[in-house]
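These are the structures in question, set out in turn.
Both of the next two complexes hold chain A, though its partner changes from chain B to chain C.
Moving on to the complex of A and B:
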């Protein structure tokens, strides 16, 4: 556990030094520009536009950070041969992988928290009435990040280049949001194709389970009532199990790799 | 040897867990959105031509964001004079009175918005108000409100607007005004509906009531309404002493 923590701590530090905060500066600039634009274009819905734009930007930046950090996580260390330094120490490959994974998660969560604070401050300046549903949306985003990070780490070792890993992960992100529509399309197929379509539907990660951003209008009590605690706990478990599967498969590839 | 048996068993166990979890999640999950074909068919049509934008919003899981972009399009469309008509070359029957502020695409634009985001209450109210009272097309307004009621059965304000529009159709203006008075009490009432009520008051020579509504419009977040309210308040203030003395 101590070793995993040490690796995670090192990963967070590495990410903060390298890229994350440049993206955050860009986020702040973007959000301020959006404020100027929406105050002119949004009419009476300026606050709604600002809220949605900020939340969408937080999610997109978090996605980009997660994908790029996760994909380059092991690949870069293998290419630079710095992984030798770590693996020659009394550290198993599983510990290394899990440590790195948690490190990325913490770094991305830190950036999400920073972006959210900036976004909330701006909303409050615009006389936004504080809503608990905002935190619920950010909380569910955390599980999306957990899932996509696991998938990205898996693809980083499964495929041969960083570009293909990024493409695969990004494709899964889109597919994961489109699952409900795919289910609808699947129901239109003939009976022979319906079973493979159903299997595929159950296999790909369903990001709509965590997409409460699109339902923020309902407000926290209704959102909680609609989602219900049973569903929320199952969805959290789903994210945990799915990420574990990804890490397990990644570890299989890593353990068979010869350095 | 043992390891190679353990691995497939673990994979099967973990994958099985995902499938079981998915099975239970499906039972508790509700996806209350119209399917993308309903939106894309509408947005890719000749009137709008934004199928790709709407589809990308659905694929990225950002329906609300794209609904907002469409909302800006609607405001720009409804806020600018109509200069050309896309149907012109096809001999569309609507062409003859196009340009006179009929805004025939308002309905399809609103339908695009509310199918992307069925919880966008303000869009339903705004467009229904515009269609019923400004453009005199209550049938279209009713269509939008019925879609709103179907998507949000617990949001009772749609029923209030619907009743007001039906009274308008039946020429029962007094009853309609009572319902509009009820509607403007709520914070999510579009300024446009307040303006409609203020104008009705003015026509009925109820200048003081009209002034009260205009003073409320003055707090709108939309600058165009604030400017209009300032102008009308000055106008009414000039009229009021004459009325009192007269």
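Moving on to the complex of A and C:
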């Protein structure tokens, strides 16, 4: 456990000094520009646009950071040969993988928290009345990040280049928002196509479970009522199982990999 | 007593391209016995299998055939890996961490207790004369400094066995001399040193024995007294051995 913690801790540190720093700068710039742009609208409209735009930007930057950090996790480590000095110590490959994975998650969560604080501060300056549903949206984004990081880590070991890993992960992320449509399409197709459609429905992560950004205007009590606790618990369980399976498969590849 | 032993150690790299399987020999039937407390060097031309041998000893590569034993325990073994300190040919580190943070990380992974880590870091940084630079980031260090950080991490957990891959290549004369003195000092402390090199002049100055690798095969093992007794020293023996060794180029491409 101590070794996993050590790897996670230094992964967070490295990412903060490297990738996160630039992501946060871009986020601040983007939000600053958006504030200038939306200020012409004024009142409720300006607030609403700032809220939606900010949340979308947080999700986009978190996603980009997750994918790039996760893909480069193993690929860069192999390319730079930094992995040599870790694996030639009494450290199992699964400890290494879990440590790195949690390190990336913490680093991304930290950046989400920082971006959210900045975003909320800006909204409060514009006289926004604070909504608990904001945290609910950020909380669900955390599970999206968990899923996409698991997938990205898997692809980074499975494929041979960063570009292909990033492309595969983006493809999964995109399809993950249309799984219900895929299921619906499958039910309308003939029996020959139904099974592949079903297979993809289960294979691709279902991000619909964590998509509450568009319903933030409902307010926390309504949002919670709409989602209900059973649904939320199942969604959390789904994210945990899906990312564990991803890590398990990644470890299968990693344990056979030579350096 | 042998501290490292290999039995018929063989590594064949297999690469599949467009349905064709290409096999390249790394090392073949390597039978090595490294004695406790000695300096053993592996000599060979570029591509002769020196780094492959080291990676097989460390578990970074899996043997196609044969076994590696360290302290009579079959490798890979997490407990035994703890006894080994490794310095790769080029130092590969996380550039955004400081020397201190990097050594802390390696210390944790080498199972050094939290109380001991800072003391050990101080000691190894003193050995490599980097005490003042401990808070510098890796990205700010010169090649020579990186090599010294590499030595520090290899010695951090006081290993019984030190495995260095080409430790003098790329070093200036002062660096080479410092490395030589360090290896002799480690030997005095009772450590077993295994290193690869193609710089014969250095090998003959400090080694007790040297193994000559040619195209993946261990052609002979030479004792220190042999090269001292011979005019032309180890270089002459090496060149003679390489010339007379049978040519064993890459294996024929196999059909898929």
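Following the convention adopted for this analysis, the second predicted complex is superposed on the first by the 255 of 259 C-alpha atoms of A that agree within 3 Å, B and C clash if a C-alpha of one lies under 4 Å from a C-alpha of the other, contacts with A are read in each partner's own complex, and residues count from 1 in each chain.
Keep this in mind: a residue touches a chain if its C-beta (ideal position, glycine included) is under 8 Å from a C-beta of that chain, and two chains touch if they have at least 3 such contacts.
Because the structure is a prediction, the values reported are computed rather than measured.
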item	value
Simultaneous placement of chain C and chain B on chain A, clash or fit	fit
Chain B versus chain C as contact partner of A:43, first or second or both or neither	first
Greater residue coverage of chain A in the superposed arrangement, chain B or chain C	B
Partner chain in contact with A:81 - chain B first, chain C second, else both or neither	second
Partner chain in contact with A:6 - chain B first, chain C second, else both or neither	second
Partner chain(s) touched by A:159 [first = chain B, second = chain C, both, neither]	neither
Chain B versus chain C as contact partner of A:89, first or second or both or neither	second
Partner chain(s) touched by A:174 [first = chain B, second = chain C, both, neither]	first
Which superposed partner A:114 touches (first chain B, second chain C, both, neither)	neither
Cα-centre angle that chain B and chain C span when viewed from chain A, reported as a multiple of 10 degrees	160
Touched partner set for A:249, first chain B, second chain C, both or neither	first
Shortest span in Å between Cα atoms of chain B and of chain C, once chain A is used as the common reference	16
Those residues of chain A which chain B touches in one complex and chain C touches in the other	none
Residues of chain A defined as touching chain C within the complex	2-3, 6-7, 10, 13-14, 17-18, 80-82, 84-92, 258-259
Touching residues on chain A, where the partner in the complex is chain B	41-49, 52-53, 56, 174, 177-178, 180-181, 184, 202-203, 206-209, 211, 213-218, 226, 228, 230-231, 234-235, 237-238, 241-242, 244-245, 248-249, 252
Complex contact set, residues of chain B against chain A	7, 10-11, 14-15, 17-19, 21-25, 28-31, 33, 35-37, 58-65, 68, 71-72, 75-76, 117, 119-122, 190-191, 220-222, 224-225
Residue numbers on chain C that touch chain A, as the complex places them	55, 58-62, 78-79, 81-82, 84, 86, 88, 90, 92-94, 96-97, 101, 104-106, 108-111, 153
